[in-house]
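Consider the two complexes below, in which chain A is the common component and chain B and chain C are the respective partners.
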Partner chain A sequence: MKTIATKITIDPMTRIEGHLKIEATVDNHKVVEAKSEGTLYRGFEQILVDREPLDAIQITQRFCGVCPVPHAIASAQALDNAFGVMPPPNGRLIRNIVQGANYIQSHVLHFYHLASLDFYRGPDIPPFVPRYEADYRLPDTVREALVNHYIQAYQIRLKAHELAAIWAGKMPHMASIAPGGVTIIPRIDNITTSLWRLKELTDFIDNVYLPDVITVAQVYRDYFQIGAGCKNFLSFGLFDLDAEPEVTKRKRFFPMGRMSNGRIEPVDPRKITEDVAASWYDSPSHVHPSKADTLPNPAKPGAYSWLKAPRYDGEVYEVGPLARMAMAYQSKSMPKAVQLIDESLSTLRVGPEALYSVMGRHLSRALECKLVADELSSMIMQVKLEEPVCAEHKIPDEAEGMGLWCAARGALGHWIKIKNGKIARYQAVVPTTWNASPRDDKGQPGPIEQAMLGTTVEDTDNPFALARIVRSFDPCIACAVHLLEPGKSVKQFRIL
Partner chain B sequence: MVTRRKTASTFPPSFLLSAKRFCLIETKGMKEKNILILGLGNLLLGDEGVGVHVVRRLQRMPLPPEVEVIDGGTGGFELLALCRGRKKIIIVDAMQIDAEPGAVFRFAPEELAKASRPVFSAHEGGVYELLHSMQMLAPPPEVIIYGIAPAETQRMSMALSATLARELDEIVALIVAEVERMVPSM
Partner chain C sequence: MSLKTPISRRDFIRWAVAAPAAMSMVEEFLPKLAVALDEAVKEYPIIWLQASTCSGCSVSVINTIHPSIKNVILEQILPGHKLILNYHGTLMAATGALSVEAAFESAEKYKGKYVFVVEGAIPTKQNGVYGHIGEKDGKPITMLEWVDFFGRNAMATLTVGTCAAYGGLSAAQPNPSGSKGTSEVFQMLNITTPVINIPGCPCHPDWFIGTVAKILLYGMPAPKEIDEQGRLKLFYGRSVHARCINRDYLDDGIFATKFGEEGCLLELGCKGPFTSADCPIRLWNGGVNWCIGAGAPCFGCTEKGYPDAHSPLYQRR
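Let's look at the complex of A and B:
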């Protein structure tokens, strides 16, 4: 029997700053069409035009209130590339340490303060209410522990921020990231005060965060079968391990690469394009970010998002912790990652295929958090006092540069063009643009859209499965608008 | 300029307090600079960044030694580290409200919470998360919000609109007056 399709809208979706609207058409309890819509215009890059190249590191930090760190580092790497300099070991390590601390902060934030609320019924007071009614299955003892850890996670995030600030000069709006390295002179107390903070973070990750994710995953095992998505993964890699100027050849802790049809392949940055067929832009479609223009047209027929659709060689790719961990697992390039994933999968009695799912994303994020924290302690110990932190540089009259890095949420690229010593063009392609992208020129839906297709929705008034799928990607877009909005009601769901 | 004042009521007790086992975030004593002026907003979006413009002006002015002025940008929760050990915090931010550009509203956080019901979650917007997490500081600081109605907020620019640029002196003067009330010796 044919039922009448229902259209569900979830708006806003991200719980942190940002504007992402999800529209799903449900027919016979299955999602038959899904649209992920970025509802805010982006295009901060145009502010950089005609400014001093060094301004990029400061201004791009203002793109996003949640991830200023990766923007600063990607920007500094684009400048390294344009100026033809590479940071000395200290500069490289300190950038890595700041980024690592930001990963821990971001992953703990995502699980405890954003995603875990999808799985348990907290106390009846804000921020736990209002909530939507879902299949909350965790027993009371687990619920209580999670509420406690929710509070504890605030302290942990503070510690992670402090750890970053020790090396960044200050947080937010880091002062120490510069082309050619960093400007902070390491002292012994930088190292000691970092280590005790890291010890606390590691304790939390090992004894609270990871066990909590496993506990939730055990109860919600069905979410290992929900929200697979495109199963193509892209990562630009994380933590530089050497000073190879060519970024695609540089050794990184999490390697740069992509996974397509289960095979690990190298990344050729020239094959990245941005499509705008379904985006509110009149600029040419399917062009490389270094050549892309951004001409808004909110009246463009057929368009439904302010996000462009980044593609690699015309194909859809998911970015983020799952992308990094799936590749680490598949390529066997990181024995510790393989061991952690194997142990977790066997505890949960699921196979490797289960990684491509809602729970797989949460598990990947938690395991990655552990890998990063463990690596941090080694990196902090490698910082050498009284050795250089920054390579000397001269701003060229004309140059082009590219910075490819991984934010906590996934692959981040910055492209700069310098003319007459000033910025002539700047483009950033951010992780959520990959994951929450709309349809491309070929009509292929983006990763989040694909992950929702076919999902069972029993009650269209409470499409909690969809909320859980979207949240597992940790979306964060256009998070830079910061208005207070008293009196403006924010609806949980709107049924059209 | 419209200046509507609302009496700040006492801050609500830290949330979840019926359950005493919840740990609060320790503050390790009061900071010497126990008054914080925190400017919020996105500097790249014209009037949206008015809070940052205001604190940048204040940073160049002589203020009592107990006052610290910080540009918080679009930071949310991470600004909590800067809020520890403060007795009073003045937040300056743009505010989406039906009022003429440059109108200034002074209110306590709980007014905001009341007005914005129903909320999807306290994390909708970094400023809400910040205000919420401030309640977990022990002891919680007294927070006053100065909300400023923007002329426009979708223009990519690091400068204020002409309207707000004209009002900036007066807005800064209001904040200075607030500080004077807090520090009578000023």
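Let's look at the complex of A and C:
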């Protein structure tokens, strides 16, 4: 029997950061083609050119109000690298603490406020109505508990922001970051008030967040088989543990690495390229971000996205909590992560393969949140009063710098080139550019596209399974599309 | 914590119609039925547009402590006054076309009676093709079209954050998307809806809640209550410098010359003297700190022209 393929458009994809449109072609109830497209262009890289190098650490934070901290840190590390300075222990620790607190804020916000409404009906008042009718399967008692936890989670993520702001000055958009470390002079009350706020966060993660994810996962077990993606994983690592200047050799709490065909491999940053075969750019394809040009051509045949396609050694990689946790599990390098994953998988009666899925991503995010929160306490305790927080720097006339870090949503790289003491070129390759990338030069779809392919969609008017898949990646489009450039004949085309 | 929500007559009727689906809410709502039948509760539909933004202002506003965000979106924000958040891209349950329909339906139903909140600048170059949200009849709706339609028919417009007020970061040179602040776009489109600016990068939750409360209880502010940048003097009436914690360092001539050093931060680029905001006494995130309290200069984020007018950010102006 011949069927007629149906094209589905979800625009706007709400409850994510930024503006995203999803298109999928469904034939015989299966997704046969999928596209994810950012719908806002801001042009930050052009804005950065000719400014003072230090300004980048403030300006790049404005890529994203949910995750400004990783941009601040990646940018500061690119400057550290360009200036040849490394933060003293206090500087390193305080950056880690602000980042850790922001992970908790971001992960809690993602599960409760962005993703969880895909699985139950909220109260029957705006903004919880109108809503799509979907297969809401949770029993009333669970649903009521989740509604209450949704409300409670607002207070928790606010506390996580307070924990960050103690050291950052304010959140979102931290003030205290600087090349060579941080600007804040620590006081004893910073330490005590941080520890007690952290205690509240830890209690919530252990007693509410993790159990809720397990409860939802038990009811939506089929979502352990949906949305697998490319199963290659990349992480630049998180939390500096020493002051090794060479980033690939630096010891990190979550290590830098990648997983390809189930094997853990080292990362060589030189092998990162950006393809533009399916992107509206005429600039050379398959070029390293530090050398990349961006020549837009919205009339380019075969292109359908303003996002470039970052690839490692030509291959597609997923980034984010699942990438970090899958590698921690596979490499056995973090015994506590292995134990937490094993316990959860055993409670849920699924195997490790189940991690590569919609529910696997939610579970990985929650477990990672716990690992980060548990680690924060010792980092707070290591901050030493009366000791330096920042190494002095001098801005060279010419230099290049690279900052590799992990945002809550995944691997993040900033590359700066300084000429005549000013920014000559600035490039950032952000988590959602990896995850929401279009097809590359070899025709390989990006991770989110791969995760949607083959998914069963019963009702093309109500493709809730696709929304669940996309949200499991926690896309951040404001970050991903910052590097787009306008085209001359843009008017004839839809800026997607 | 339970979700006890006073509901209006309209919501009560909606609830009653939807009763089978909402059976689990019965116990929660029963004690409040008396309130539900009280017509005295005034409702203010809110349509919150996120245009060219990083979403940081939404993230900041939901940090409100008293009232909590639960109080703001589910309860009467003030006795007899209730906000109804009919459209907010990050918080609403609906997605895709359904979410856009909710915005348009609300605007038609409450024409001239809803509050339009703008977050982010508005891309205007080439008729606004640089940013769109949703589609109508298969064609993308540009953010510029959103502002035209929803701005024109609103009772009042609040701009949340410096991008929405003046263009901010999104409009920084060379301003590749031709982004502008809301008042400028209104002028361009001959829209006369009153605009109150609540700038900041991000906007402080107290400034937003305070501005809303001022309007609900006292009506639109009189011209004398507003400064030349369209902000309430209540929050933006004095300079950061005037109430800075480092004034004694300045008086004693003690200046920090490198990061992490005690002293007045003027030499590290502090824009406190050129910036109007009550940060020194309000503080941020539950009062735990603020930029200068963390040894960082004030970057002037509440001002028209930020960031360009204050750049280089880390050099003395």
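Quick notes
By definition in this document, the second predicted complex is superposed on the first by the 473 of 496 C-alpha atoms of A that agree within 3 Å, B and C clash if a C-alpha of one lies under 4 Å from a C-alpha of the other, contacts with A are read in each partner's own complex, and residues count from 1 in each chain.
Criterion: a contact is a pair of C-beta atoms (placed from the backbone, for glycine too) under 8 Å apart; a residue touches a chain by one contact, two chains touch by 3 or more.
Note that the structure is predicted; figures quoted are calculated from it, not measured.
By the touch criterion defined above, A:Ile184 reaches chain C but does not reach chain B.
In the superposition on chain A, A:Lys231 contacts neither chain B nor chain C. Of the two partner chains placed around the shared chain by superposition, chain B and chain C are both touched by A:Ile59. In the superposition on chain A, A:Pro388 makes contact with chain C only, not with chain B. In the superposition on chain A, A:Leu114 makes contact with both chain B and chain C. Residue by residue along chain A, chain B and chain C are tallied for touches, and C comes out ahead. Legend: residue contacts after superposition of the two complexes on their common chain; A:Arg311 is shown touching neither chain B nor chain C.
Residue contacts after overlaying the shared chain place A:Ile166 against chain C, while chain B stays out of touching range.
Of the two partner chains placed by superposition, chain B and chain C are both touched by A:Gln152. Look at A:Arg324: by the touch rule set out above, it reaches neither chain B nor chain C.
Shared contact residues of chain A, touching chain B in one structure and chain C in the other: 12, 15-17, 41, 43, 46-47, 59, 62-66, 68, 109, 113-114, 117, 123, 125-127, 130, 147-148, 151-152, 154-155, 157-158, 161-162, 165, 171-173, 485-486, 490-491. Contacts from chain A toward chain B in the complex involve residues 12, 15-17, 41, 43-44, 46-47, 59, 61-66, 68, 105, 109, 113-114, 117, 123, 125-127, 130, 147-148, 151-152, 154-155, 157-158, 161-162, 165, 171-173, 479-492. Across the complex, chain A is touched by residues 1-3, 5, 7, 11, 14-15, 18, 21-25, 50, 52-60, 62-63, 65, 68-70, 73-74, 84-102, 123, 125-127, 129-135, 139-140, 143, 169-170, 172-177, 179, 201-202, 258-260, 262, 284-286, 288-296, 299, 301, 307, 311-315 of chain C. On the chain A side of its complex with chain C, the touching residues are 9-19, 39-43, 46-47, 51-52, 54-55, 58-59, 62-66, 68, 109, 113-114, 117, 121-132, 140, 143-144, 147-148, 151-152, 154-155, 157-158, 161-162, 164-173, 175-176, 178, 180-185, 193, 388-390, 392, 467, 478, 485-486, 490-491, 493-496.
By the touch criterion stated above, chain B contacts chain A in their complex at residues 15-16, 19, 21-25, 40-45, 48, 71-81, 93-97, 111-113, 115-127, 129, 132-133, 136, 145, 147, 150, 153-154, 156-158.
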